[in-house]
Amino acid sequence: MDIGKIIGTVVATRKDSSLLGSRLLVVQPVDAHGASVGSPLVAVDTQGAAGYGEMVYMVTGGDAVGVLPGRRMPVDVAVVGLVDSITVTEEGDG
Amino acid sequence: MDIGKIIGTVVATRKDSSLLGSRLLVVQPVDAHGASVGSPLVAVDTQGAAGYGEMVYMVTGGDAVGVLPGRRMPVDVAVVGLVDSITVTEEGDG
Amino acid sequence: MDIGKIIGTVVATRKDSSLLGSRLLVVQPVDAHGASVGSPLVAVDTQGAAGYGEMVYMVTGGDAVGVLPGRRMPVDVAVVGLVDSITVTEEGDG
Amino acid sequence: MDIGKIIGTVVATRKDSSLLGSRLLVVQPVDAHGASVGSPLVAVDTQGAAGYGEMVYMVTGGDAVGVLPGRRMPVDVAVVGLVDSITVTEEGDG
Amino acid sequence: MDIGKIIGTVVATRKDSSLLGSRLLVVQPVDAHGASVGSPLVAVDTQGAAGYGEMVYMVTGGDAVGVLPGRRMPVDVAVVGLVDSITVTEEGDG
């Protein structure tokens, strides 16, 4: 599971019929401190009201996404939760 | 799901019989701004009329592709939609 | 399977209902010598009492996670064991 | 799906019994122009007569490979076709 | 499928119950010439007597591992064979 920030949306009128009605988000993966990591990707929004700039976490892989009810569609990344906060401690090597 | 641009086709007369009749596209992955990212890959075209230079989005993983009807074949990348537009906002860190 | 060290937790009150009650850990992947490799990721804790700084090993992929009883949820990384020790020999090229 | 060139074979007499009789190829992934990309990998040959130096395309992931008849084996890369030619156009940004 | 060399073992007394009795190996991925590539990873040993310094090949992905009898466990890398020899030809671009 990766953390990301919603930075955009994709409009695609022509697509596989199983994808009709699904909102496609552009998500920038970030690390535990909120810094960008790698390239943005496109994820299906399963949480409805996720908005610009919100921190989310997402799962990758059709097998992970496929367990969601009504998600029998060709999708390999899905937003499954909104992040309230991340607590990270760098010490504690023992 | 990744965004890409169609840049070519692959001709392969000898292949697994389940792949007969499937068009193979060479797709250059691009980021949300349309800049190339990484190496081109080969994807099965499930949208029929996708043409050179068109922006598409694709799914990766046999499990994601396998939900498409009639796609019981050894395939791990499929074009599943054509992109009309991408809206990205970089601000909104709050 | 990757080795990692628990460095934090994620709080997410709004999420897919199948994820309610699951603890989300921030895990820093490490190599066989304990040095950090790549970016931290988020994993579901299936071992209950894993604490900060502990070495764990985890599996990636919804298909690997899905075999765990009661883990029919959209998850792609899970902590499945706690590491007591790692023995590595660099010699022995023969 | 990735394009590659066959550069070698692997001999392994001791292996999982489901793999007996399968030929293992060393394949160098190449880009759409035939230039090497990344490290060689090992793929199961499902096309029988693929020879040294031949361009092939392969699928990755046990789920993609698993749809092949009689391929219920622990395999994650398979050669599924031989490439006759690749046509790539770099222009066409419109 | 990747080639690797066994360089160590992991001891983990506390783990998912389905993993009890499985030996965990530290494997250094190598290229077709035996040179190290990337970081070591942890793999389940399905071949019993694989020893230090031995060349093995392994599969990645729970779906590939899952076809092994009695391997209904959360595992994403498994050693499935021991390599006797690798033959690689670099010429043959025609």
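Just so it is clear, A, B, C, D and E label the chains in written order, and each chain counts residues from 1 on its own.
Just so we're on the same page, a contact is a pair of C-beta atoms (placed from the backbone, for glycine too) under 8 Å apart; a residue touches a chain by one contact, two chains touch by 3 or more.
Predicted model, so just to flag it, every value in this text is computed and none were measured.
Asks: In contact with chain C and with chain E at once: which chains are those? Just list them.
Replies: Expected: no chain.
Asks: Could you grab the centroid distance between chain A and chain D? Build each centroid from C-alpha atoms only and quote it in angstrom.
Replies: Computed from C-alpha means, the inter-chain centre distance equals 31 Å.
Asks: Could you state the distance in Å from the CA-based centre of chain D to that of chain E?
Replies: 19
Asks: Which residues of chain E are in contact with two or more other chains?
Replies: Answer for chain E, listing residues that touch two or more other chains: 61-63, 65-66.
Asks: With chains as vertices joined when they touch, what's the shape: line, ring, star, complete or other?
Replies: Looks like a ring, each chain touching just two neighbours.
Asks: Which order do the chains take around the ring when read from chain A towards chain C?
Replies: Order around the closed ring, chain A first, chain C second: A, C, E, D, B.
Asks: Which residues, counting only chain A, touch chain B once they are in their complex?
Replies: 5, 7-16, 18-19, 24, 26, 39-44, 52-53, 61-63, 65-66, 72-77
Asks: Can you list the residues on chain E that touch chain D in the complex?
Replies: Residues 1-3, 31-32, 37, 46-47, 57, 59-68, 78, 80-94 of chain E touch chain D in their complex.
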